[in-house]
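Multiple structures are listed underneath, in structure tokens.
Shared between the two complexes below is subunit A, which pairs with subunit B and subunit C, respectively.
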Partner chain A sequence: MASLGIDVLFKGTNFLRLLQGLWVSIEISLISVVLSIFLGLVVGVLMTVNNKILHAFLKVYLETVRIMPQMVLLFIVYFGTTRVFGWDMSAESSAIFVFTFWGTAEMGDLVRGSIKSIPIIQFESAWALGMDKLQTYFYIILPQTVRRLIPLSINLITRMIKTTSLVMMIGIVEVLKVAQQIIEANRKTSPNAAFGVFLVVFLLYFIVCWPISRLAAYLEKRWA
Partner chain B sequence: MSELLKVTHLHKEFGPNVVLKDINLSVKKGEVVVIIGPSGCGKSTFLRCLNGLEEIQSGVITVDGLPVEAGKRDITKLRQKIGMVFQSYELFPHKTVLENIILAPTKVQKRTREDAVKEALELLDKVDLVDKKDYYPRQLSGGQKQRVAIVRALLMHPEVILFDEVTAALDPEMVHEVLETMLALAKAGSTMLIVTHEMEFAKAIADRIIFLDKGDIVEETEDVKGFFAEPETERAKKFLKTFAYE
Partner chain C sequence: MKKNFINKVTGLTLVGALAVSGFTACGASASSSDVAGTDEATVESASSAAGYRTLDEIKESGTINIGVFSDKSPFGFVDENGEYAGYDVYFAERIGEDLGVKINYVSTEAANRIEYLQTGKVDIILANFTVTEERAQEVDFALPYMNVALGVVSPDSAVVESLDDLGADDQIIVISGTTAETYLTKNYPDIKLQKYDAYAEAKTAFENGTGVAWANDNTEVIAFSLENEGYTVGIPSLGDQDTIAPAVTKGNDTLLKWLNEEIETLGTENFFHADYEATLLDTYGADYEDTLVLEGGK
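What follows is the complex of A and B.
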């Protein structure tokens, strides 16, 4: 059997570099996910508010995010804004901005759906006890929303982690970019490296995403 | 004579449908009023108007002399005076029995946790549920859930409690335990407004019967036994007949 080309990773600091690249991906997705969860909760609650203007505005936001490929958003923010608005954003900040912009919209929509799935009479039950709107949301509705949200948002979170592979297009050296660099640097000595290295990258993504789905399954069971 | 709850010329409609027309009612402290009537006659809607869960188109509702107005800021203060128990219990599924009960007293009325827990346990003991205090609602039977819901309403020390078909969703063998709890409350002097389809229970607990049909009070009497034996109106007679088998 031909060599799988995994041996390349044991040369010099190659594997360490790959892990450093992975950390860049994780860092960008982690910050974006955390920001998206908090902003998404706010946006989701706003989406349930009965206000036509707010409703239309959020609808446009959500649809824009859904229609626009993430890569186009990345290009607009990183390359576009620098000259037009004079914003000097680093590639990492641009990536976090775009991923949060995307994540907030999608998370907001999931939050909206989860809130809507809670029966009105749960609100009424809280109101009948003298709770005001804020207390009702804080103690009754949001805790139940979060429980319903977990399995839905895990899908979004893993998608966000996977999509960070796009950020190499704006020059960020994340795991996939490092993998490419290693493969190209060893093209002569290990022509098969593309298979082995990308296989390892696949495994690394798996190692990151799998525990998240397990956690979701565990929480879903515990809160069922 | 202290008048606790007063309803004058209440008018309620959902779009083109008039649900309640010109309802007048006054309830004294300690009185138990049972509202009966065919499905869709507006009895549940009437209860929901009383604590501002439904907006009314005209008329005035006062509790302790204060007007109940849905959507107003003061409504949360008024609702503390008006307890409500729902057909579907509506416990909070993410909280234990004890947490369900002490949530509003500690967060809304700002009572200390110790004080609320102490009273909650006393009341749970009265309904034989003290050993279930750390259970989640999904681990309880319907009858147990409903008794917890009653305790939850009681801990707010309401002036009047509204019961909206609280046994309608229960299995027959669980109806009794809930009704016993309510009878005990009535004996202890609570002011209650009860919507129910349990006629025997109505006969046992009511100080006054109100027969509602098509959004109208058709018959109202303090002669409870007399009403069930021989109601005055044809509509009430027809309604009561639907419960008899011969």
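What follows is the complex of A and C.
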């Protein structure tokens, strides 16, 4: 078997740098995911509210996120705001902003779908028991919604983690960029390194995403 | 309700930013042909909002932001100890030394180099930046420090010696935002291009045979064929002979003037030959030294 070139990872501080890069990816995605989940719950509930202006506004928001590639959003937020308003947002905050902006919209839509899927009789029964709107949502609807949300949101969360590789376009050196740097710096001595290094990157992403899907499976079972 | 409000604000801001950036993009291209006083004024305020830093401001802050490639060996790359290195970086180090400031390296991609300068997020781009007319309208180039032309590399088994010989389904690999992409799109619109954002991706794709050839700066493709067995540069020089130069934000005259003087001064001590010998000699050998190196901007 030909050498996979994994040995380049053990030169100097290469492996440490790769892990630092991974941490950058995790940091950006975790902050965005947590913010997206909370804001998404709120936006999702608002999407079910019968208010034309609010509805139209959220529709525009959701469609913007759907249509715009994340890369374009990153460029607009990182370079666009500086160009137009002169704000100097750091690359990290721009990335977190864009990922939260995206995650909140998609999460909100998932929440909306989950709420809509709950039979109307659940609302009516709660009202018949004398609960007000807030109580109905808090005690009856949201717990059921959250359960339905788990598999859906896991897809979104893992996708957000993997999409952080785009932030290299605004100068953030994350795990994939470090991998490219390592491959490139060693192309002469170990031309096969691309395979080995990308394999390791694949494993690193797996190590990050797998516990999340295990946690989801556990929660689904427990709350079923 | 508070979160709703925040959402509204963020949403509105973004939609606003979208609209405004659309307008300014059109505005900028329109006003470059206008010489009317009012247009001058808007351009002025826009550029100061974007905020490039003058030479004095950089010196005062003690740090200069220099945009370099981090995956383009041997011009700009990161070595195994995590330090930036290469031909461009060797020059950047000297700039930092002569200005008496620390250097903050920013890892750039070919496609975002102009954005970085126009928003003032870096002070200088030293990322193998080829001087072209289109780019010169967007940024200010200092004196050149290297020669370059386009080249096309292909596997030994099927060497591409002329772009006219390509089959209808043959794809050529290019990197987005490079002169190779622009040149081929303009002069060979029928050739199918396979575009990549990062150098590492493009080379890996090429090695895996997803395209019949890879077009890029000839320095890149010569280096590639010398480093890798089984590849030949079938077309060593395509299109015009170009130069590579540092670039600064348009209008940043103090920094531009300093850079030009620096390059002229360095010419007297044959700095770029020393740079070549320190960083490029291993890759290109001594034969290409005088072809590639430009001393003192000439």
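Here are a few things to note about the model shown:
Note that in this section the second predicted complex is superposed on the first by the 224 of 224 C-alpha atoms of A that agree within 3 Å, B and C clash if a C-alpha of one lies under 4 Å from a C-alpha of the other, contacts with A are read in each partner's own complex, and residues count from 1 in each chain.
As a convention for this text, a residue touches a chain if its C-beta (ideal position, glycine included) is under 8 Å from a C-beta of that chain, and two chains touch if they have at least 3 such contacts.
Source: prediction; values computed, not measured.
Taken together through their common subunit A, the two structures put subunit B and subunit C side by side without a clash. Looking at the shared chain after the overlay, A:121 reaches subunit B, while subunit C stays out of its contact range. Once chain A of one complex is fitted onto chain A of the other, the partner contacts of A:46 are limited to subunit C, with no touch recorded for subunit B. In the superposition on chain A, contact is made by A:132 with subunit B only, not with subunit C.
Legend: residue contacts after superposition of the two complexes on their common chain; A:223 is shown touching subunit B, with no touch to subunit C.
Figure note: vertex subunit A, arms to subunit B and subunit C, all at CA centres after fitting on chain A; angle 160 degrees, rounded to a multiple of 10. Touch criterion met: A:80 reaches subunit C, while subunit B stays clear of it. Once the two complexes are laid over each other on the shared chain, residue contacts for A:147 go to subunit B alone; subunit C is not touched.
Put subunit B and subunit C next to each other and count what each touches on subunit A; the higher total goes to C. Shared-chain residue A:194: touches subunit C; no touch with subunit B.
For the pair subunit B and subunit C, the model built by superposing on chain A gives 20 Å as the shortest CA-CA distance. Shared contact residues of subunit A with subunit B and subunit C: none.
Looking at the complex, you find that subunit C touches subunit A at residues 3-4, 6-8, 10-11, 14-15, 17-18, 20-21, 24, 46, 49-51, 67, 70-73, 77-82, 106-109, 111-112, 115-116, 118-121, 197-201, 203-204, 207, 227-228, 283. Residues 121-122, 124-132, 135, 139-140, 143-144, 147, 223 of subunit A touch subunit B in their complex. Contact residues on subunit A toward subunit C in their complex (touch as defined above): 8, 11-14, 17, 38-39, 42-43, 46, 57, 60-61, 64, 75-77, 79-86, 88, 97, 101, 104, 168-171, 173, 177, 179-188, 191, 194. Of all residues in subunit B, those touching subunit A in their complex are 51, 53, 76-77, 79-80, 82-84, 86, 88, 90-94, 103-104, 107-109, 152-153, 156.
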